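Labels run A, B and C following the written order; every chain starts at residue 1.
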Amino acid sequence: MSDESVLIEFDNVQKVYPNGTVGLKDINLKIHEGEFVAVVGLSGAGKSTLLRTINRMHDITGGDLKIDGASITGYKGKELRNLRRSVGMIFQDFNLVNRSSVRRNVLSGRVGYYSTWKSSLGLFSAEDKQRAVDALKRVNMLEKLYTRVDELSGGQQQRVAIARALMQEPKIMLADEPIASLDPLTTTAVMDDLLGLNQELGITVLANLHSVSLAMKYADRIIGLRGGQLVYDKPIAEVSADDFDGIYSEQAEIKGGAVNG
Amino acid sequence: MDKQQLPQRPFAQKYHVKGIGGALVFLALLWGSSVMTGVNWGEFFTNLDQFFDLLSRMAHPAWEYTNIVIQPILETIQMALIGTTIGTVIAIPFSILAARNLIKNSVVRGVIRFILNLVRTLPDLLLAALFVAVVGIGATAGVWTLAVFSFGMISKLFYETIETIDERPLEALRAAGANNTQVVIFAVVPQVLNSFVSYFLYTFEINVRASTVLGYLGAGGIGVYLQRSLSSFRYDQTAVIVLAILVVVIVIDAVSNNLRERLQ
Amino acid sequence: MTENVKKQNFWARYSWIMWAVIVLAFYVWSINGLQFSGLQESAAEVSKSIMHGLFHPEWSYFYDGSGEDLFSLIFQTLAIAFLGTFVSAILSIPFAFWAARAPRENKFHLRSTSGKFILVFIRTFPELVLAIMFIKAVGPGSFAGVLAVSIHSIGMLGKLFSEALENMDRGSEEAIQSAGGSKADMWVLATMPTIMPEFLSYTLYRFEIAVRSASILGMVGAGGIGTPLLFAIQTRNWSRVGIILLGIIVMVTAIDFISGTIRKKLV
């Protein structure tokens, strides 16, 4: 792919946590617009850390991180919030406000577009209310519009969470183990939703997945992390199942394709 | 977008009937309470200097008073220990009679629970005032107050514990022909002993706190000195007493917490 | 090795003796230390009169329109507890943030530890003394009682609130932040709806306790039913004591019931 379509660029990114744990080490990575990238690796490999540096929920401690060619590491205040607004995120535990209605939760995805006093009083515009209806329809959850979130099943909650993230009209969607708390059937529904966003709305998706078979089914490209380092990066066409021994085995051996870029 | 697809929102939810209704009731209660208690923040703020004057006098504790305070504060602990013990001893048969899984007769259980509920409604100082009238001024009134107070509290904690025990050993013993007393001794006691000791300590902590003010009405302990210092406007002495109470409560809480953790 | 095992056995076997000795010594010390005044000669008689009074309450005191009757004073007591608890709940929120440890902080933390200590101090400061201090400032009456309840309850509510904050699920806050929300957005859209029911439930629980304390604050002149109660006891007007006790029992039972029902619905 050409360099113009590069959306996210990791340039020698380092992340060391305040307590000294190395989260990410020497990460060089280019994600292109419209890709569906699956991130695989053992627990503690740094998958969540990688995703969270992209919307600056974690700050990197070295290197540079660019989105659309602009370095995001120095963003503060309004700039930072605008960055986050353009990057949707969904979580393993959904992170909805359980005691609020589906509608209020979905609307809250729009906060980045409002001043605080408006959003806190619930003064969302009619346009955004319509947007919430559309987002819920997209994930087949419209009939639950006025239901309280704690009355929904796990799979339904995750779809509400996707609808909330859609309200941001994001360019990028980060999904941190979106299906880890779900059963196989709802897993398919949620992953299909994500694929839909990617193919129909052109949103670039990065998803941490524990299951290699799911990664192979849905992603265009698989990257592997191990001990905070990028150890694997291949487009889906070149991936073969035994590549993953290197990521999941005990010895740290870099196997598989050279790092792109 | 066709609106028909939208789910219907019940009237109550649409107009936030619960929220608005609740808020109105709440505001009415607040307003009523303010009127009834004669709240007057203006007066409070204009007289704040008097309050601060009092505070500043308390901020200079009369340290030489410490020696005098030690004896009564120890007496307070003694009162709490004896009172809690008496209360616990009385509470044990009551809690057994109130436990659903031991006493199948719901009338007995109902009567016992009714008595326990009654006892628990009575504030400690009210009991103190009554006992001072009955047995006279002194630590005895305090001990009885704490006994009754902890009786109400412990009985409930105990019978709730008993109701959560594993029933199978009880059945096994009954099947082996044991009578009720034997069932309690061999199947209930071993299961509840640790929680009982833990609750005893917890109640003891609460009673140490409570016992510090009982003397205000003449029921012995440090409270007597508290009352004396306050009525003679010796706030520097009051400060020493309050600090002494703080130290004792913190120490007792720490020891008791430590013991309770070991029991688990 | 074997010696080690033996030693442990020794301890496990005989440590109870040490404990028994400690406990016994504690009891001996307590019993010896207390001056048990022999029962007053009048004790039996007084108990009998109290019983008689309890079963023959002075019904005429229930309501006489003077505003100093049981009915009015019970409501005044409730008002003291209600207003005091409400003010206290509001004052407790900043204390809760002061005392709450941020997630992932396990070490000694100056802000949180100092906040926790302040709360212990407030909890231990006798409510009666507070009431007397406020009487100095605003004069005797229920307002002083309201102030005493407001300040004293911070000790417990601040503690409960801060624990609720510490144990709260931070996920929804994170979600709002990652959507581009400000700190205020996080607070209003995520923290508040998550934590409010818990705060409310604790406040109601504290209200139940405040009702009990408001009914005795009058004994030092801080309003409510306590004043006539102490007066009746001191003047040995047992039938009046009887009706007041009945009033308190009914009031506390009713409030416990109502508040318990609401609390069950909240969580």
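FYI, contacts are C-beta pairs under 8 Å (C-beta built on N, C-alpha and C of every residue); 3 or more make two chains touch, one makes a residue touch a chain.
Only a predicted model underlies this, so the values are computations on that prediction, with no experimental measurement involved.
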{"item": "Arrangement of touching chains [line / ring / star / complete / other]", "value": "complete"}
{"item": "Central chain of the complex, centres being mean CA coordinates", "value": "C"}
{"item": "Far-end chain from chain C, centres as C-alpha averages", "value": "A"}
{"item": "Chains most often in contact, by C-beta pairs", "value": "B-C"}
{"item": "For chain A paired with chain C, centre-to-centre distance based on mean C-alpha positions, whole Å", "value": "47"}
{"item": "Averaged-CA centre spacing for the pair chain B and chain A, given as whole angstrom", "value": "51"}
{"item": "Distance between chain centroids, defined by C-alpha means - chain B, chain C (Å)", "value": "7"}
{"item": "Sites on chain A touched by chain C in the complex", "value": "55, 57, 81-85, 87-89, 91, 93-100, 108-113, 116, 119-120, 161, 164-165, 167-168"}
{"item": "Residues of chain A that touch chain B when the two form their complex", "value": "130, 133-134, 137, 142-146"}
{"item": "Of chain B, residues touching chain A in the complex", "value": "1, 5-7, 9, 13"}
{"item": "Residues on chain C engaged by chain A in the complex (per definition of touch)", "value": "171-172, 174-182, 184-185, 188-190, 193-194, 197"}
{"item": "Complex interface listing, chain B residues touching chain C", "value": "29-30, 32-34, 36-40, 43-44, 47-48, 50-51, 54-55, 74-75, 77-79, 81-82, 85, 117-118, 121-126, 129-130, 133-140, 143, 209, 212-213, 216-217, 220, 226, 230, 238, 242, 245-246, 249-250"}
